[in-house]
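Shared between the two complexes below is subunit A, which pairs with subunit B and subunit C, respectively.
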Partner chain A sequence: MKTSLKPSDIANASDRLCHIEPGELTPLPPPYEDFNQTVLLPLKPEKIKNVESSLDDTVAIGIPRPASTEEEEALVRQFLSGLKKLFEKENNWTFLQPLLLSMEHCTRCQTCSDACPVYEMSGRKEIYRPIFRSEVLRRIYRKYLKPGGKITAKLTGDIDLNWATVARLAELSYRCTLCRRCAMVCPIGVDNGLINHEIRKLFSQEMGIAPKEIHDKGSVQQLRVGSTTGMPPPAAKDSVEFIQEEMEEITGYKIEIPWDVEGADILLLHNAGEMLAWPENVGAFAIIFQAAGISWTMSSEAAGYDAVNYGLWYDDVQFSRVAVRHADIARQLKVKKIVIGECGHAHKALSVIADRLLTGDLNIPRESAMVTLEDIVMSGKLKFDPGKNNFPVTLHDPCNMVRLMGIVEPQRRILRKIAPQFREMTPHGVENYCCGGGSGFAIMSGYNFAEWRNLVSSRKKFLQILEAFHDEPREAPKYVCAPCSNCKGAVRDILNYYHAEERSNLFYGGLVELIVNALDGMKKPIVHFGDKPSWE
Partner chain B sequence: MGFYIFTYFCIAVFTLASVYLIYRQFTLPLHVRWEIYPVQHETAERAFYGGSYMEKVDWWKNKYETSCLNELKYMVPEILFLRGLWKENRSLWYISFPFHLGLYLMLVIFVLLLVQAFFTLWESSVFAAGGMVETLLSGLIIVVGWIGMIAGTVGSLGMLMKRLIDRALRSYSTVTDYINIIFILLFFLSALLTSLSADPFLNGARDYILGLLTAGTSRTAYVPGQSICGASTIMLGSLLIAYIPMTHMSHMFMKFFLYHNVKWDDVPNSRGGRIEAAVIKNLELKPTWQAKHVEADGQKKSWKDIVSSVPRETK
Partner chain C sequence: MPQIELAGKTYEVDEDGFLQELDKWNEEFAQAYAHTEDIDGTLTEEHWKIINYLRNYFQQFGIAPMVRKVCKDNGIDMKKLYELFPTGPAKGACKLAGLSKPTGCV
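And then the complex of A and B:
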């Protein structure tokens, strides 16, 4: 297989453009060396016979193969139509200026490459370079949409546009977690993450192509049913009722999770996945808010109990619909502010991106839960016994919350107060590495994509976690604090995949669990190492 | 005279193209926020670790404040010494820095030559021949000129070699990338050869700039074409000026927008404010995206109409 690919090779006819051989991935340290020869299991031919799978060893979208040449040509035309729209203000006012600036000023210096964990961990596979897909799009744009492009292409970079190019580019846009580390290090300010985001939008908004987990089962389901988990409002209320009972068992006093309280100070928006996968997180928030005497509420309106906004990753229209829905629910409840729970992308979606979408009385103040929690923890309203958290703790920085929103220190100040053995990863803060589950990857598991995530995109985070605890004995229980649902899901999956609980005694959880664990007066610890909590 | 006309033309092209590029930025619609932290105009305590004003409880009750000083503390070393490249891509910095230094010093010498030409035309006693100001300025021109020419030649030669040798750079380099570097290399080489062969004190450059200001009518104005090297330096230098805004090299001034309008644009939207007015205007635009779930018609439905609805179709 050709190893030195160029952007123009994306159009070449071949069964697979990129393949990772055993031993090519960045090695893991002991006791994980047995994974160093592991590669993705090949997809069964019958599973992929009808979908596009010629990019690499996995499939994220599963685009149906066109039945004829005519159909291929029609899809290529559709792609070009969508590409044109990315550069029109009527269609893309949301990102037109950033896109134009990034398309026109890249010097191809490759500074971005070493910042990308996917590229680095893959064994530096060419197609995963941040610039690869950007350069493909740039060349198509110049050649096929700029006046005289077919003549100047020999000078500005040639590329053929065929169905292989289009299908591979669509898949390739789901090999980047949109962590935007590449953009942070670019000396000029070019943003390859943004270009990738725009490619995803083109496919979704013009061609209706997106992974089913983030579109059909994601934003569409959230708008129709109320949550990407599929839980309608009554089911959400049932889940919360169950959580209340469990929390009472732990805390020894009754907690009431308030629903639809008009005029409350705070509307708390959780990622609804917490209710199903990590109910202790929802319960811990309730304990803290109740103990601190906060005026707050949750909403039982459809989408009002689910903070997620998957549109952030692939579709401006779906993004806007969900953001408007969230704001409208808060407006109807007449709350003073929305507080976004431990969900990184929901932070960025509603606080930052939607800031230039919501107008008038929809522009309701939004605040990170990290900030609200710091205010409570530091206020002296609650009493803590940090000795209850006397085990090694490290903090994962969710990209959307930290690098892309600047919420860096509040969670650290809390941990310094309640976790005596807190230590940082290297690097951390705004220079952190993605968990590998960003931009939808944490919830995408079709074909063998989850395995690709565990082996490639989450690998850097796993190495960081191991490094953070390298001076601890194996038998000491260790806690990875990931204050974001998707990050938590990705961390859970890598710990399971690499058997890290058995081999390194590694556990994970959120921030509020640690806060409650350190609270004075709890009957039982909420943080469990090994023994399953009562709800599992 | 033809050389002067050519240079005037190139300067005019540079000005018009640059004005167009900058003007276009101001005509683009307000985009959504897409900042990356650290945002360097934050207060010193937060800029240090990359925090934002959103770290404060009820942040919207505080006045939005930025620190120009913090921004300058970051941008000055970034512009002058390419600090970002030093930190993130050291091996490239060793050749990119002299390359950029050479170009910067060409800009500096252009300004110094203009100053000298103004003084000469002004016939001020402050600038009398042999006086302190004249001696200092002349000396500065020689020093800056030589450093610039040597740094530029070494840097552009290094950049060319790096693109040819480094596989990662070569795979993504286009013919235009090579043309750009060779163009700049030829300019520096030409200037260096001119100075080495016949004009170590850069008198030709002084006279040419004086000639530019007087449309060639000055008594002491340089007569281009005295040497092939001198003529080619003028031609290449003029062409380079015109060419820069046509290429990605326009990042020399467009970087301002990449940073201020995107990477560091954290201005919050407040009710009744300038940003809200721009958002309302944007929401009136009528998209034509074709995917069914968007449900755009390009005729009646605006962004506002679409985002207030739930899609009937899923694809």
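And then the complex of A and C:
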């Protein structure tokens, strides 16, 4: 296998363009060295016999293999038609300008490569370089869409557009978590993350190609049933009722979660995954809001109890449908503002990106829970005993919320007040690394994709977490605070995968749990380390 | 769509082995599938209690309940649940009960 792959190689016939050998991944420190030779096991041939799998060691989408050359050619034509639309104002008014700037101005200085955790951790595999897929797209665009492109391609960089190119590019757009660390470091503002987003969009909107977890079971299911979890409204209510009972048992504090209160100050939007996987997060929000005397409500309208908007990652149409739905629910409830719970992508979706969609009375004020919580914690209304959180805590910065929105300090001011052993990761804030689960990766698990995530895209985060606690004794329980459902899922998976609970006593959770854990009036702790309560 | 053959019948499953045709579920399916989820021998009354509970909840609400609710409503702890279904409640128990794989950020 060639070591220095070129963008034009993406068109070459081969079973696999890139493969990671044992020992190529960035080494892990003790006591995790036994994982240093671990790589992905080859996918069983019978599992992938009908899907495109010629990019690397994993499969994210599982695009069905075309049955004939004619079918392949038709798909390539469809790709070109979609590509054309990406560069037309009437078809891509939202993203055309930044796309054009990024397509025209990259100088290939490679500053972005050093910033990319997937590229770095993979042992610097060419295909994971942020500019690799951008360069593939750029060459296709220049050669096939620009006048005279086929002649100038010999000078500006040639590429063959065939089905292998198209199928691999689709898969490759799901090897980047859209963390946009590359865009942050680019000296001239080129955004390779945005280019990747546009590639995904082309595939979804023009060709119906997207991972089923984020499309069929994601945004489609959310619009049909009410939630990406598959929860219709009665299931959400049943879950929340159970959470209320649980919270009283766990903390001794009785809560009443309000539903559909017209005219409430706040409509709280949780990622519905919290209700199923991290019920204490939903409960902790309710405790804080109730204790602080906040006027708030949840909505039992379909999609009104699920902040998720996966369209952000791959499809503007799906994105718009969900964003408008969220805003309309808030409008009908006549709430003063929407507060977005601990869900990073929902933050960016509804606050920033939807800002270009929501006009008139749909333009309801939207606020990050980090800000709402800071106001409450700093207001003096509630009393805290930080001594109850006397264990090492570090903070993960969800990319969407922090690097991409600039919400950096509120969560830190809270932690400094309630967690005496809070320490930062290196680097942190806007420079923080992705959890590895960004842009849908945390929920994509078909084939062996979850293992690829644990080994490659989450590896940098795991190293950062270990580094943050390196001076702590093994037996001390440690808390990774990740105020985002998707990030929590990714962190949970890396801790499991590397047996980090047994080996380093590492645990994880959200921010509101830590707030409630230190809140006066709780009879029992909400934070547990395995079976052990965090305080007696 | 991948298929599996269990006790002489063919079922459509997803790539992780979750049954796709929910109405085709039957008790033989659960029993024949048990060994792939690290359960040895015949399913016990305790297994069936959980499987039936999951199916009933699913019929009522369209999803599997949260794990903590499974434990509480059946009077068992998490440890016991993992003893019964070593591959876990979502992967093991839901799979045998013929429920879809959990979706969303869970």
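The rule we apply is simple: the second predicted complex is superposed on the first by the 530 of 536 C-alpha atoms of A that agree within 3 Å, B and C clash if a C-alpha of one lies under 4 Å from a C-alpha of the other, contacts with A are read in each partner's own complex, and residues count from 1 in each chain.
The definition used in the following text is that a residue touches a chain if its C-beta (ideal position, glycine included) is under 8 Å from a C-beta of that chain, and two chains touch if they have at least 3 such contacts.
Quick caveat: nothing in here was measured; it's all calculated off a predicted structure.
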Joint occupancy of subunit A by subunit B and subunit C, clash or fit: fit
A:I140 touches, of subunit B and subunit C: first, second, both or neither? neither
Which of subunit B and subunit C A:N486 touches, first, second, both or neither: second
Subunit B versus subunit C as contact partner of A:P410, first or second or both or neither: first
Subunit B versus subunit C as contact partner of A:L506, first or second or both or neither: neither
Partner chain in contact with A:L83 - subunit B first, subunit C second, else both or neither: neither
First, second, both or neither for A:R180, with subunit B first and subunit C second: first
Greater subunit A contact set [subunit C / subunit B]: B
Partner chain(s) touched by A:F95 [first = subunit B, second = subunit C, both, neither]: first
Following superposition on chain A: angle at subunit A, subunit B versus subunit C, Cα, nearest 10°: 160
Partner chain(s) touched by A:V190 [first = subunit B, second = subunit C, both, neither]: first
Gap in Å between nearest CA atoms once subunit C and subunit B share a frame through chain A: 16
Touching residues (chain side subunit B, partner subunit A) in the complex: 25, 28-39, 42, 46, 49-60, 78, 82, 84-85, 87-89, 92, 96, 166-169, 171-177, 179, 248, 250-251, 254-255, 257-259, 261-263, 266, 268-271, 275-276, 278-280, 282-283, 285-294, 298, 303, 306-311, 314-315
Of subunit A, residues touching subunit C in the complex: 47, 62, 213, 217-218, 221, 225, 227-232, 234-235, 238-239, 242, 246, 271-277, 279, 306, 308, 343, 442-443, 445-447, 485-486, 489
Subunit A - residues contacting subunit B, complex: 4-7, 78, 81-82, 85, 89-91, 93-98, 100-102, 104-111, 113-115, 126, 129, 131, 135, 154-157, 180, 183-191, 194, 204-208, 215-216, 220, 223-224, 317-318, 320-321, 324, 337, 351-360, 363, 365, 367-368, 371-372, 374-375, 402-410, 429-430
Subunit C residues touching subunit A - in the complex, by the definition given at the top: 2, 14-16, 60-63, 65-66, 68-69, 72, 100, 102-106
